[in-house]
Amino acid sequence: MIRRFLTLFPVLIAVTLLVFTLIHLAPGDPFAYIFSPQQGEEFQTELKEMYIKKWGLDKPIWQQYIMWLSNAFRGDLGYSYMTGRPVTELVFGRIPRTLELAFSSLILALMMAIPLGVLSAVRHGSVFDRFVTSFSVMANSMPSFWVGIIMITIFAVELRLLPTSGAGLGMGLLAHLKSLVLPMTVLGLSRLGMLTRMVRNSVLEILNEDYIVTARAKGLKEYLVIYKHALRNALLPVVTLIGLSLAFILSGSVLIETVFSWPGMGKFFVLQANRRDYTTLMGVNLIVSLTILAAMLVTDITYALLDPRIRY
Amino acid sequence: MENKKGNAHEKIIEKRVSYYYTVLKRFLKHGPGMFGLIVIMITLLLAIFADDIAPFDPYELNPRNRFQAPDRVHLMGTDNLGCDILSRIIYGARYSMIISISVVIISMTIGVTLGLISGYYGGFVDEIVTRATDAFMAVPSFFIYITALSMWDVRGIWTITLIMGIMMWPTFAKVVRSEVLSLKQRPYVEAGKSMGASDVRLIMRYILPNLFGSITIISSFRMAAAILTETGLNFIGLGDPTICSWGSMITRAHRSGAQLTFWWATLFPGLAITIVTWAFNLFGDGLRDALDIKTVT
Amino acid sequence: MRIKNLSTSYFTDDGIVKAVYDVSLDLSAGQTIGIVGESGCGKSTLGKSIMRLIRPPGKITNGEIIFNHQDILKMDEKKIREIRGGDIAMIFQDPMSSLNPVFTIGSQIGETIKLHQKIKNKHELEEKVVAILEKVGISDALRRLSEYPHQFSGGMRQRVMIAMALSCNPKFLIADEPTTSLDVTIQAQILDLIGNLKKEFNSAIMLITHNIAVVAEFCDYVAVMYAGKIIEYSNTHNIFKNPKHPYTRAILGSLPRIDSTLEELTTIPGIVPSLINLPAGCVFNPRCSEKITICSEINPKYVEIEPEHYTSCHLYKEIKE
């Protein structure tokens, strides 16, 4: 258990190293977007020098990295190049929105995937099963941003049922929830296919196990055999998938937040990326990776707790 | 003695041929798999012969022809700049195919090599590769793509391809590694070893050929993922702005406002993405069923 | 229990597998019958058919199973569920895979008791479970209630399965290869246990096994199965001292015996036929060393050739009443 926790750190460091390398290897001028063309040459050069000194850009790369890393360890992610505000403030201000979106999509996807998967496994080979399988593959193949746009067009613009864009400040609870519906659905849909498939395969495998025959031989009603004996075993491997699914969903939230103007980290990230705001980029990557790794850790622990073969 | 050897050799080749034949027959019977294959072929044809097939120049601006609904001349209508959408879709196929195929080749090379080495040699190397695989899988890929792409000045096809290639190898490595682990134990590998075959020879001639099936299946699924990723990145505007990718076609349509009345500009590119991605997914499924391999998800 | 002309087949893509064909057997309380045969001869399917545990693509295609004056094959779902685990119970070959790994053994046994004896009181339930566990020889039962299958050894697990099966005093116990996956020393213990419990509850037992030696010790009657059919049936004494069917004789001849002076063990040439493509005539004829012309043309009827001795072979004549 402790071992798992310890492997977190090397992975995290590897990620930050990766991001750092990418940023600094790239043949791009860090100052390309900071100044506008109207400001004079001299003015720019002076400011550049000042910034270089201030941000330590004149130091060798590995030193810059160490500096950043040690600061990060202490909770200081530096300051945004663009806005001057501390990165931590910017990032943590927006995380809740993204997490809200990500978790609700995941829960929605699971709530639909589990029943669908179980039913299609039980009715293996039937029309229902084949329909669900085809639907899963299709759902997997649709670009989420496109689905988002279509949903907006139909539900928000045409039918005026739901708002076109995301939660603003000071919105009432109902309005907030209403604006969550569409992005949550679209994001959940992107993983629904894969999750349904996994559940179905897992249940199918379990239904072939000997202890299912034993359960029937005891005279249990069929629904108990499935929902008590089979499901408890079948869902175990699915738990491990939740962590990975979260990674995928967080990744996809970037596109969804853009399409729906949802004020989360993803949308913010795209904006800052276009402006080459180094520190913010590093910071966001770190936090997001941390979140994913934490989620994976939690799912692993949960799995260990749920499977008696591991616990005892 | 000579004769006997010849016969055995022939028998082995016979067996191999008949195995592939059975697999082929099984695949041909698989409806969705065949459908996927056909669509893939059509897409490739479109991509290769785009110049000859497309009715219009995809970049030809025609301000007078803007926002035309699908009709006889413009089968899929025109967009907000007057460009013929059908032609743009055909050229978009070329763009997507080039990127996705390149990405898969790059990530396959990296992933299979790492998987082979780590699976075969084990030990410390294996540890590192496994950690790296886990790390790459835990990373939010889109964030990395955006970070990398925004830093690079050069906005060409190859930038996207390179970045994606570097990020997509873990799936290859993971599956190859687990298959190598089990193949390693097989008697015929041990037999080869006892005959003095070198490690390289063992890997390349004994183990690798058994992996072709899995590798092809994963490649197909990765193609699907690559297309979705590439169009997504183009949608955000991080691709080459001069090229008409399906993703940027959707952006153009989105930016122009009037979504509903202008439905064809959004619908067709999205359908194209969906159908081609779906085809690769189905093809992978079909192959997997025909080869009866359970290890690939 | 009376089984009459039972046939069960599996309808697969490759063809129809006639796993059990035209089987008839009788069994009374307190008697033990051994079903002997090679792997794949249909004995497991027979056991499962009695409990109607056959799932698609398998189907019971013909026959009657009279139990307590009722035909099991005609009962509705509710009735058959009452019988399963209650009046008729089954124990399986591999206790590791036959017990659900995520539930405690206490809850798994308790589930059966709760279902059939309708006991709601937790305390009472626990007492009963402990009682039956102790009966099968598991010490420290109270503590072991909350343990999981993987925490038990193979022999203990099989005891748990037996406990589960016997928890509701079944009149008929089907034991499908109960000792095959156990060590020889444990085998003896388990068989003793089943024997003692049989005496105590006076249940009838059907012991399915491929080990003919076990049958010799344990069973009152023996039915030898081959390719889905019973080719010989009698009491144990007759089968061993007076085997009639060539297959039975060949099997017995292939057993190493301390008291004989044979140099080589006899084997039966050929392999078991595929249950999809059964040979014409008698199913055993391609491998039979005593066959006559008619054997490859007509399937011999299953008839009584001596008092309490049935076989299905052209070499013998049915006794006339």
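Letters A, B and C mark the chains in the order given here, with residues in each chain numbered from 1 onward.
One rule holds in what follows: a contact is a pair of C-beta atoms (placed from the backbone, for glycine too) under 8 Å apart; a residue touches a chain by one contact, two chains touch by 3 or more.
Note that the coordinates shown come from a computational prediction; the quantities given were computed from them, not determined experimentally.
J.: Which chain has its C-alpha centre farthest away from the C-alpha centre of subunit A?
T.: Result for max centroid distance from subunit A is chain C.
J.: For this structure, which two chains have more C-beta pairs in contact than any other pair?
T.: Looking at every pair of chains, the most contacts join A-B.
J.: Just give me the whole-number Å value for how far the CA centre of subunit A lies from that of subunit B.
T.: Each chain reduced to its C-alpha mean, subunit A and subunit B end up 23 Å apart.
J.: Rounded to a whole Å, what is the gap between the Cα centroids of subunit B and subunit C?
T.: 54
J.: Rounded to the nearest whole Å, what is the centre-to-centre distance of subunit A and subunit C, using the mean of the C-alpha atoms as each centre?
T.: 54
J.: Of all the residues in subunit C, which ones touch at least 2 other chains?
T.: None at all.
J.: Among the residues of subunit A, which are close enough to touch at least two other chains?
T.: Nothing qualifies.
J.: Spell out the residues on subunit B that touch subunit A in their complex, using ranges where they run on.
T.: Residues in contact with subunit A: 32, 131-132, 134-135, 137-144, 146-154, 224, 228, 231-232, 235-237, 247, 250, 254, 259-260, 263, 266-267, 269-270, 273-275, 277-278, 281-282, 285, 297.
J.: Where on subunit A is subunit C touching in the complex?
T.: 209-211, 213-221, 229, 232-233, 236, 306-309, 312
J.: Which subunit A residues qualify as touching subunit B in the complex?
T.: That would be residues 7, 10-11, 14-15, 18-19, 22-23, 26-29, 32, 134, 137-138, 140-147, 149-150, 152-153, 157-158, 198, 244, 247, 250-252, 254-255, 258-259, 269-270, 273-274, 276, 281, 284-285, 288-289, 292-293, 296 of subunit A.
J.: What does subunit C use to touch subunit A in their complex?
T.: 48, 51, 53, 80-86, 89-90, 92, 94, 97-104, 111-112, 115-116, 147-148, 150-151, 161, 164
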